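Common to both upcoming complexes is subunit A, partnered first by subunit B, then by subunit C.
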Partner chain A sequence: MPNATDHEGRASSASARAAASAAATRRLLLVGATAGALAPLATPALAQARPLRIGMVTSLSGPFAALGESMRAGMRLLLAQSGERFADRPVELIVEDDQARPDDGVRKARKLIGQDRVDLLCGVIHSGVALALRDVVTEAQMPTFLLGSANDLARKAVSPYILRPTKTNWMLGSTAARRSHETHPGARVVTAASDYAAGREFVGDFVQTYQEFGGRIGRQFWTPLGSADFGPLLTAIAAERPDSVYVFFAGSDAVRFLRQWKEYRLAGRIRLTGTGACFDQEDVLPAVGDAALGAVNTFHQSPTAPASAAFVEAYRTSGKGLPGEFSTTGYACGQVLRAATERTGGDPTDWARTRQALFDAPVDTAFGRMPFDPRNGQAILDIHVHEVRSAPGGVINTVVHTYPQLRDPGPNA
Partner chain B sequence: MPDFLGYAAIQTLNALSFSALLLLNGLGLSVVLSLMNFVNLAHGSFFLMGSYVAIFWLGTGAPWWLAFPAAFLAAGLAGALLERFPFRHFYARPHLMQVLLTYGLSLIFADLMRWGIGAQILLPELPGALQGVVFILDMPFPVFRLFLIAAGVALGLLLWLLLDRTIWGAVLRAAVTDRGIVETLGIDTRRVFTVVLVLSAGLGGLSGALGAGMLAAYPGLDEEVLLLALVTVVVGGLGSFGGTVAGALVVGFALTFSKVWFPEFANLAAFAALALLLLLRPAGLVAPPLRRL
Partner chain C sequence: MKRNIAMVALPAAAAAAAALLADDFVLRFLAEILLFGIAVMSLDILIGFGGLMSLGHAALFGGAAYAAAIAARQWGGDVALVLGSGIATGMVLAALMGVVVLRSGHLFLLILTLLMGQMVWEVAFHWREVTGGADGLRGLPALSLGPWTLSTARALFLLAALLAAVAFVVGRSFVAAPIGRALVGTREEPIRMAALGYSLFAVRFRALVLAGALAGAAGALFPFVNLYVGPQSVHWTQSAAMVIMLVIGGIGSLWGAFIGSAVYLGIQTYLSAYTDRWQLCVGLVFVLTVLLLPNGIASGLRILRDRLRRRGA
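Right, the complex of A and B next:
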């Protein structure tokens, strides 16, 4: 049976080759990613007065690429509006890509600190990167404005070198539960979220707060990050027949979920509530359109809150659509950096003095009036309740209620 | 009881519609892999390109059903150009060289598409005819997914007929087995391979156009679908058409029902099952038919 043997050998070697090529793909991916990461960024250094150097670590490739680009665009807009100067000192922004991977983030932060000798560091979307950077900047005593939103950053992982001009996940999860209880007490809520750190925190805080109010929680569904098909999940939710669903998905997951939410005719039958990221004005709503109509979400960022009006207008005239969370985050972070520089006469590197200057008085940002909590350096923020309503040219997150000046429970939580 | 039946029926249809997508996605890859022994990791780029073409086509208001041929032609054209240079020069090279070439190209295409179209997530505007639902035992099921299932079955059948039941398919299979002999019959095998690659790229584009309604389109989708296609093809078994069909069904059902039964461990459960399957049947579900003399 020479033929059969040959055929067997050929088949198994072919499948081995395909498996090997899949493995090779992953390895090549790593090589390619590293090569891209190593490409040096041009850093012109010709200013007469030594410019203020700001380093930004954000995700310009990988799953959060679109968010990272928005963050950078927001920061760049603020710099352009300031004439590339803070307190009359030229500002130089150096942006590095962490690819949403903690090890890359650490490497890039070390590069910005050691090689580029930045005066201030800011950025980060992914919570894992943020927690990894926390140790690096604390060890290097690097003044950092960290924009990840894991609760621990305002609690166990507090650092004297870190200020946080953004939300914590608790702020959104707990306010969503409060709102649900206030508007529909006694409703039975099931939850559905992406199964990673952020999803666990949003849903955990929602469930805990909702149960403290005496609310009823049904099944809790978790799906892997990056699910291709939400049909099975939606069919399972439909079979549960809850009064309402609390969701957290981000990016393409959010788009797929909301689109299929409408396709499976759950829209209008079950009330949909969620975190603002799942209904992000820039990232998600333009794609899903009326599939999200009527959904309620809580968010610190709002295209319709009065405090953000000037920024929204400027962002739109810069040729983009309505801003979402991360463009606003980048811009607000820039506003805080500018305030820090101005309040210290152009030199924010004396960190004890800069911190104190920011603790002394709130900063007016696109997130609204932003005081910092001296216990943990965490911003105290207005949290808006949005309803997605139709507007000319699309749908828009419309503020229906605001929980003013929310403070994370902090280190004692 | 009808509740449970309806639930089971809808979840089965969910699995079938996802399998149809996997089948469409895997067919293009398996055609070049099994027929030409060429590893094309740029296949995901054809998929994403097809998604974008369909989304823009559906946005213009032109007859909606033409979006699918348009995506097929656009990706097929890209495939034809790539076949002339550089794919043709790599058919005889080892797989590792093919992997390097096509993976590098896929990175370039990803950047080009991101540069031209942007990083935002796009969804197609489906025509009214595909937006409805049908009620099956009182449970709603989207018409679009039935359309996906039908498209998967129809295209699968068409391709099977073409490759297994026509003289052209016979020439192609013969050319793969022994190119020299086929050349002596006066057949230009280079042209045959060109046609296969165009067909594969076109299928990639077409499945992207169909899949955009479920998956949306954004930078990075190309890699995700490439991975799914590789899993489908490897599980099914290389070198046979039936293998890809079986692979798509098994992977589709595994991924769907793992979400139904163990939502928290969906990927773990599904891929553990697939790994076990490969351990038991290293050549894949359907061993390729004997084609060598």
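Right, the complex of A and C next:
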């Protein structure tokens, strides 16, 4: 057993060395103590050398597992492109799973803040988790780039510690209503959505805006998050005979809904409109084939918009398909984090300064030019209207119209 | 006598050490373990002593959590108010559940408790005006005791530790008292107990209401750990998680409940940073416990202690 002797040999020589260097250790300690005393003088340099710790809370299990994987992949791609460094400072990303459950999300955020001592926090898909985190990060005064899209985060629940480099639900719901009114005025629309914060808001904003235009709204249907069987819902929709239906489902719910939409032979009979999440290019469309063909949706993320071309190309070369909302969101969030670090000379932890630096000038991201609204830290975004069209190798969200630079009504709404 | 002193001193010393040394995250995490531990311990009274297999325990725990959160949002976070509303809700829900389920046994009891639990979940999930629906309730005030606010993690932990100690004493007294012995009797020899003049229903009902009070007390503090309560806390999967904690910790030992909740929540919180498949690990631990230590980690520790003592003697 040559290996064993080798180990023993190494071990004994190491202990001999340790004994011999006991005196040297004492001297070293002295040097160390002196260095320790001088350390405060050298803090700026040390801060540069210490890696920038970024915590990410996202859903890696539960109904949003695929979306969370995409978000992480987008962020990782940006980190790889930046050589794992922002402004010459190494970056360390710690990802935690919230299982799309507010309780677990809060616990994980506390762990990242209290135990891993991250410098910046980002992530979140589920609006409920985002709202639950709001109080926690505000109490802990933790700089947070919150990617959940609940309207309240840009309104009643605005927090000085939260920046939002993503859409609000209002941006998608209201533009969908505008588009419906512009293309099919007077159509009678029913709605169907997952029964949680995001669904309530998408549908609420759609209905409100559509009614302001004088449109007619039929029944509103709700299903719990994580539904397996949409049969009863689809029969009820068919019985209503609407001109069009506005839907919001996300992740695996969207896949099951669209498959059953086709199985129940509603595809092509009732005009299908919805939020972009329900027709996500990466996480939904490849899994449903042609079931969503012809559907119209509004989204801030687009695989065919010019601003995202460079990212789409990079994402495809990294061996994935076309990017969807959450890979783009993860990437764009990374771009904002990078800009924040660069604009503050490598130390974005002085939050007032970082915030101001991001408010001063827009950031170029995969969502396009992104200015921040100083009232609520909410990004101002282009919203694209997509039609799902067939393309070589599958179906693709094709931009048919763009509402430029949409700004959430904000805290006074 | 010496043993009794050790039994009081050891946990007290551990709690004091934790309160002095641990950081905020760990303290909140320990508080969560203790609160779940209390709820699981109350479940142990039902399952371990009464043989009443319940899959609706989260309804008592979570229902009390909602009640306490709603009361606190309405009238402020006074500890007496919070605990009072939680305990009352836990007892009322347990009494309602008892009236419906306790005439049946075994499989039917399991299913009826599951259904009762899901009814509470339905209410929590759909009554948006009061419970916040799927989004749950946030914006809770800080806990307060008279003039003092207890908003720090340390205060919360100490409160949870105190509650756990009281709950443990209550639980132990209950199972040692005649009513507790009678509860074991209804499990082992229901026919003989009935012949002796005991009302099976009355004995079991009291046990269930007591378990509801304990779970309710724990549930009342639970929203203040994360400043949030959501429908997940009343869902039946939470009840199942409690049963798993109980089996891992040790059925019939009371204190094993705290070990079980520590193991379960520890795996969930720490392992999930390294793997997305933490539930697989919970499953493995569960299977290993059932195969190797049918009476849970608590019994394993007891065997270990006896062996050490014999070697020492």
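Everything below uses one rule, namely that the second predicted complex is superposed on the first by the 365 of 413 C-alpha atoms of A that agree within 3 Å, B and C clash if a C-alpha of one lies under 4 Å from a C-alpha of the other, contacts with A are read in each partner's own complex, and residues count from 1 in each chain.
Note that contacts are C-beta pairs under 8 Å (C-beta built on N, C-alpha and C of every residue); 3 or more make two chains touch, one makes a residue touch a chain.
A quick note: this is a predicted structure, and the numbers were derived from the prediction, not measured.
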item	value
Touched partner set for A:211, first subunit B, second subunit C, both or neither	neither
Touched partner set for A:256, first subunit B, second subunit C, both or neither	first
A:224 touches, of subunit B and subunit C: first, second, both or neither?	both
Partner chain(s) touched by A:195 [first = subunit B, second = subunit C, both, neither]	both
Per-residue contact with subunit A, leading partner among subunit C and subunit B	B
First (subunit B), second (subunit C), both or neither touched by A:132	second
Contacts of A:141 with subunit B and subunit C, given as first, second, both or neither	neither
Partner chain(s) touched by A:233 [first = subunit B, second = subunit C, both, neither]	first
First, second, both or neither for A:356, with subunit B first and subunit C second	neither
Contact residues of subunit A, present in both the subunit B and the subunit C interface	65, 195, 224
Subunit B contact footprint on subunit A (complex, rising order)	3-4, 6-8, 10-12, 14-22, 24-25, 28-29, 32, 62-63, 65-66, 69, 195, 221-224, 226-229, 231-233, 235-236, 238-239, 251-252, 255-256, 259-260, 263-265, 283-284, 286-288
Residues of subunit C defined as touching subunit A within the complex	23-26, 28-29, 32, 125, 133-136, 138-139, 226-228, 230, 232-233, 268-269, 272-273, 276, 279
Residues of subunit B defined as touching subunit A within the complex	3, 7, 10-11, 14-15, 17-18, 33-34, 37, 39, 41, 95-96, 99-100, 103-104, 107, 119-123, 131, 133, 139-142, 144-145, 214-216, 218-221, 223-224, 226-228, 230, 233-234, 237-239, 255-257, 259-260, 263-264, 266-267, 278, 282-284, 287-288, 290, 292-293
Touching residues (chain side subunit A, partner subunit C) in the complex	60-61, 65, 94, 96-97, 101-104, 106-108, 110-111, 113-115, 127-128, 131-132, 134-136, 139, 195-197, 200, 224-225
